[in-house]
Amino acid sequence: MPQMTNERVRARLSAEEDLSLLHEVSVKTAGVSHLEMCIQCGTCGGSCPSAMDMEHTPRMLFAMLRAGMRDDVLRSNTPWICVSCYHCVVRCPQEVHIADVMYTLKGMAIKAKLYKDSTAPDFSQTFVDMVETYGRSFEFGLASRHYLKHFPLRLPGMAPMGLGMITKGRMSMTPKKIKRMDELKAILNRANTLEMTS
Amino acid sequence: MSKPKFAMYWSGSCGGCEIAVINIHEKILDVDANFDIAFWPVAMDAKVKDVEALEDGAILLTLWNGSIRNEENEHMAHLLRKKSKILVAFGSCATEGCIPGLANLSPMQEIFDVAYHTISTDNPNNIHPQTVTKVPEGEITIPALKDRVHTLAQVVDVDYYMPGCPPESHQIAAVIDLVIQVLEGKAQLPPKGSVIGAGNSTVCEECTRKRNVKMIKAFHRIQEIAPADPELCLLEQGIPCNGPATRSGCNARCPAVGAQCIGCYGPAEGVIDYGARLVTAFASVIDANEPEEIERILDGIPDPTGQFYRFNLADSLFRAGSSAFKKNGH
Amino acid sequence: MSAKKLEKIGVYVCHCGSNIAGVVDVVDVANWAADKLGHQGVVIARDYKFMCSSLGQELIEKDIKELGLTRVVVAACSPHLHEKTFRTAAKNAGLNPYLVEMASIREQVSWVHTDKVVATAKAKAVISGTVSRVIENAALEDLKVPINPNTLVVGGGIAGIQSALEIANAGFHVYLVEREPSIGGHMAQFDKTFPTLDCSACILTPRMVEAGTHPNITLLTWSEVMSVTGFVGSFNVTIKKKARFINEPLCTGCGICQEKCPKKVIDDVYEAGLGYRKAVYTPFAQAVPKYPVMDKENCTYFLKGTCKACEKFCPTGAIDFNQKDEYINIEVGNIILATGYDLFDARRVSNYGYGRLPNVFTSLEFERLSNAAGPTNGDIVLRDGKTTPKSVGIIHCVGSRDKNFNNYCSVICCMQGLKFAHLVHERTGATVYNFYIDMRTAYKAYDEFYQRVLEEGTLFVRGKVAEVTDAARNEHEKGKLIIQTEDTLIGKQRRIPVDMVILSSGLQPRYDAKDVGKLFGISCSMDGWFTEKHPKLDPVATMTEGIYIAGCAQGPKDIPSSVAQGAAASARVLDKILQKEVVLEPIKASINQEQCSGCRICNNLCPFNAILFHEDRMVSEINPALCQGCGTCVAACPAGAISGTGFSNEQILAQIDGLLMDVNLVGA
Amino acid sequence: MSEQFEPTIIGFTCNWCSYRAADMAGTARMKYAPNVRLIRLMCSGRLDPTFIMKALASGADGVLITGCHPGECHYLEQNYKALRRYLLLRRVLKGMGIAPERVKLIWASAAEGVKLTNEINTFVEEIRALGPLGWNKKLAGNGHKIEEPVMEEVAA
Amino acid sequence: MSKYLYYPGCSMESSGKAYGESINTILEPLGIHFEEIEDWNCCGATEYLGINLIPAYSLIARNLALATKQMNGTNTVVAPCSACYLNLAKADYYMQERPALGEKVNEALEAGGLQYTPGTLDVRHLIDILVYDVGLDAIRSKVVRPLKGLKVAPYMGCMLPRPDYKHRWTDHEHPTELDDVLRALGADVIDYPLTSECCGGHMTQIGPETAFELIRRLVSDADERGAHLMATVCPMCQMNVDAYQNEMNHFFGSDYHMPILFFTQLMGLAFGREPGELGIGVELVSSRNALANIGVEVPVTQEPSAPRKKDEGLPMPKRWTKHEGKEAVK
């Protein structure tokens, strides 16, 4: 018998639309999102190089935002599949900052813990941790940690590559660290308390 | 029969006007020949009480030079008005407030401080003048300053206005001739309230510089342009020349020698606010439509208020800057 | 201000039913005016249910006659509604209409405020202002200007041809100026016209011939307007007749010169770059006039000094290499601008690959391709000139509805796309796709055509195409043009391989529209289309009296609308011609020659070139017929030498005083 | 007068855009602050700085100037002249010690009744915040000639 | 010597080492001096932005703030990595477009005693200054070993030409800057429609299937069009196309061998440097055969194999015997 998730139950009981969603996303987005200007032409979905792996095209996502389908939007894999190639951004006839909206949705999804596959969020988080400890990204640590957690099976296949990177001196096994880590930490701490609301 | 009486009085002003009158050379003799000089402190000794003693309207012609800066000026203005048939606001100070009028941009206190307590003043005992001072002999008083500088017409009824800082000597001579001709019944006085001793167009009319349609991309102070084109209209070279809005009559003296007109002859006929004319004229020929660009061009005029109201502030619609009113009311 | 004798003023306060009376205490206002504005000269103040009714008007007329009113103030609605009404009434009663002013106490008071006390007070202030103002009003006479019955039509496209014919048939003379060698415009390039699919040439050519032979039409092709001076009724226009290097009277239009000319040139005007012409050429067979033109830039003789093949073979010796440009001066009373549009340059949308991928065509190219008289005699083939496409994709909104390019809808593209689909289907049987954002098939018989094309099996994909590429991702894409788009109705990205892509390029203003606008003293919208006087109620007139617009110069539109506008514009012109003279509102500026110092501040402030400078007297003067009465120069004159009727300094300053009367009360 | 300061504002409108916008606001029964009293000009280009100074000197607390949007002037480009004069005038006012914010220029097309009413309401609040200017009172009795007709006060 | 502030970016020290090395060889001949931003930190790549806005932009802005301290004579910051370039440029742009963001970021920066006014710096990519500051002629003039006969697919990647806040590039879709540089080096540049397509970015890490498809497209099309190798301007692109090509082949059962080098490596070659100095050879998909076309000998680097410490057998577990159990009982 098919599993009935709580949200789906809730959805049936209350069909209320969350009209504040579009605005919320727009406000949380860097720059001026122009989200409300979308004319649903599909230029974004058509331009997207990774659309084939997306559950929703960006255009659909925007329509869902308008309809206030918060959970469905934040659960969609679309933002995580976005490769930020900005094709949609420059082609959008309404100048919607699509790529940045995707970043916003990722952030919201993480906070709401609504993404299905934790691979991407974790990678981002791992990356952020690295940066917050060293001030620089540390590919080896990143890759190893990440792969161990998410693609243990890929590791053998990856080994020659990783090894190649190392032997060819393209991946150092010791992280670089910036001098004034304290300064950076201070900035990031303050920043975290200032998260965008308006 | 006795000659008609002539008077000239010097109130708040620099005295240049008096010099200008002397500057008419032998013409001054005609004055003496045709008039009995009743009261002219600069030229000859006289007492106010003598004037008070005169019958009302006893003086035919009074040339009033200077602004109304203090109570005494005002008092004398009323007195001479009463005693004179024809009262002429003579020179820029009397007609429009002139340089003294610029004091209207500052609060009283500041005026005093600058006058008595700045480096330019040698005031070892730090004396600060009081209207009333007690001395062993009793109280002595000096006239109190009015809250702001007024023009003559703002305190008494004026018959004629003669602009200029100072009025050009040839214009003074002409006016004197006119009055004498009137005395001899050879001419008519112009209608009351008219401006005499000046043209009724603006300086540009007398200016010989070449003129084209104007499109100003930048304003410069004259020293920044070296040398300015001697043939071409100064304004077209971006030099803020007040000529276009300033009454003619001076033969465009300043532009003729390469300096921009600063507007001492005041507004042209029928103009209500001199500065407004310049604001609108200069702004209209700025060659830009983008606010930022326009502002950039306007930055070329560092002190617009001073530029546009150097002589006319006391007679402008605002009469003064707000700080002049700090004392009275709000 | 000055102590002149009091005017006799009548103040009339309208109730407008309850529209005003409901909020403003009209009775109180009237009494107050009679009482408190007496010192201003108000001798009578009345309130009445409907001032604009005939009874209300009679009331005013009666007072004017009996009380000898010299000024009238009507406190009612907006002057834009009834100023004319009351001024006419005053005129009937023998009072100069311009001595009547209205105080808008409905639009500006009763309708927008609720507090009765406040509203009543404001009404009083407004009336007080109007009374002070009307005292300063001057009696004005309307300006009457005779109309020259000749008309200039600029642009020989279908809109221009239509206008010219309408006026010419009504018996008045028309100068029809066209900068290309032949009239006909874009329509002459088309094969079929939607939605009826009748052959463009078949319906256009007769009109062209009629225009070319009409006794009342002077056709000036290969010509351009250089300067326009004057004003409605009497414009003076200079036209440059570019040298054709053909002696027209001698030329029979036999075409031998073109035949013999050895120089082939890509024709990027008429053939949209898809075909060739000679250096001496008539753009197309049915060209009107029949005379060819020589293209100096490409003619071997002009380039190298030798050849003259045309001259050798011309049977009538009509070739004249020494011909010079000619300047013609004409006098006209009205002008119609029908200068048309340019096609959006599809290369700007580089993701559609036009200019890089050979088999991407523009709509205009396709028109030529499908045209029986075109380079391929109507065979729809790929750029190789032989292969017939098996699949064709038609992309809508190219450069339109796109903030990166033109942010407006080009109107014709949807129907054009359908037309193309039909033609391709009919001539090649190829599979046709239409890619659209929204199908816009408004107007008569348009949607039916959409139905028909659906029926023919054209496939419609709703989605703005993202890109056209030749980068194949798999075997069946190889060697094709792949149209990548989101099919927004299934929410999936699709890659559709086709042989040919047609871009429905949008319409845009002529590259020189802004200059032309300046030349004729009319304005352009942000996008660059000529702006009409009123978007709904006056669509073919402009802000400049005597200048009208028609066709795509005013905005994107299809053939029927262009023709309709052409006719409409000529109707407006005929109406002017038949009036024999125009009445101009006497709201004008004038310069006091005594006071003017010739500083020339005002000289370039007038967009209508109404201000002229007399070098001799060193003063400026205003041509009243050219002056539109904006008052900018009045406000600018540093010497206060310029005054403006209807809105004089005295009137406005007085109005300010009046409006602030209450504020200026002692103790207020 | 109520406790709250009620500013008096003179508004100069363009016959073709903002005056019609005001008409439209009326026809649509939009409500807005009653503090603004409009004067119709043929074009914002007609606006002589003298008018603004006159209004302020004669007791207005603020002046609102409205014209057609840039590029949409009925007379092609005169609103740009208004803009230039406005920008220079503000500088002069500043020099006089008068808050330049007391004069405001806005663009409003004939279709923008809503915009106009909003702008009016905002401006009224801005002026209310600045407080009274009362230049007429400053000058009163100091020889400045303002007509003072004998009449009772009407609430503004 | 024209000076620029330099932001290398993290990969320059690891995966993109060859890029850094080759850049160093071309600076001097082209008269460029790079001054590295002192104590710069990671730009956050595309990861940071997806978590928290303000921290993400603060992280980027720290670099901008630091850079402003060093701008004597220049305000141009050069980044060789497209992702870094975009992030820096983007922060600068959005802090302007959205003042609210600018203020918050600066508030955060203050915590580190830093501050940045958007618009102060001009953020540009390496190839931008090579094409538009140095100029193609200057580059051409330094070529001693033209790359004649080397068929190169110019791969600009996506984050360089887009979103292009300051309209620096010839085109968003088919930018030609890289083509021009390569042509200046004498290479045969093929028409490569995918030049601005994406390499998969971080998807190699989080969604390999997606990434592999993107890499396949790039590689197969380049191969299809007969390219010997691809040239890139971005470490991320190089990493993905190079390091993951095998895995991609494995995934699709394909057998592509499409080397990808940094354009600066090719410049180095053309300028006469030796492969060794340019980090040629450290790519995983060897460019040996490709470069053979222009007679360049690439030093053999040993194929990756597990390094072993000592050459001896590996320890075996003790053989199992019955007694063990008994002993255990004891």
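Points to keep in mind about this one:
Letters are used for the chains, namely A, B, C, D and E, taken in the order the chains are written, and counting of residues starts over at 1 for each.
Here is the rule we use: contacts are C-beta pairs under 8 Å (C-beta built on N, C-alpha and C of every residue); 3 or more make two chains touch, one makes a residue touch a chain.
Computed from a predicted model, the values in this text were never measured in an experiment.
Counted as hops between touching chains, the shortest connection from chain A to chain E is 1. Within the contact network of the assembly, the step distance from chain B to chain E comes to 2.
Shared contact partners of chain A and chain B, listed by label: C. Inter-chain centre distance (chain B to chain D, centres taken as mean C-alpha positions): 32 Å.
Rounded to a whole number, the gap between the C-alpha centres of chain A and chain D is 51 angstrom.
Chain E has residues 172, 217 in contact with two or more other chains. Shown for chain C are the residues in touch with two or more other chains, namely 351, 467, 605, 632, 635-636, 649, 653.
Within chain A, residues 52, 87, 90-91 each touch two or more of the remaining chains. Contact between chains, as defined at the top, is found for A-C, A-E, B-C, B-D, C-D, C-E. Taken together, the chain A residues at the contact with chain C in this complex read 39-48, 51-52, 56-57, 59-60, 87, 90-91, 93-95. Residue ranges of chain B in contact with chain D, taken from their complex: 105, 147-148, 150, 153-155, 272-273, 275-277, 279-280, 282-284, 286, 288-289, 291, 294-295, 298, 301, 303-306, 308, 316-323, 325, 328-330.
Touching chain A in their complex are the following residues of chain E: 10-11, 13-18, 39-42, 44-59, 62, 90, 93-94, 97-98, 100-101, 104-105, 107-114, 158-159, 162-164, 172, 196-198, 200-203, 205-210, 213-214, 217, 243-244, 246-247, 250, 281-282, 284, 301-302, 304-307. Put simply, chain D touches chain B in their complex at residues 48-50, 53-54, 56-57, 70, 77, 80-81, 83-85, 87-89, 91-92, 94-98, 132, 134-135, 137-139, 142-144. Those residues of chain C that touch chain A in the shared complex are 351, 397, 401-404, 437, 462-467, 484-488, 491-493.
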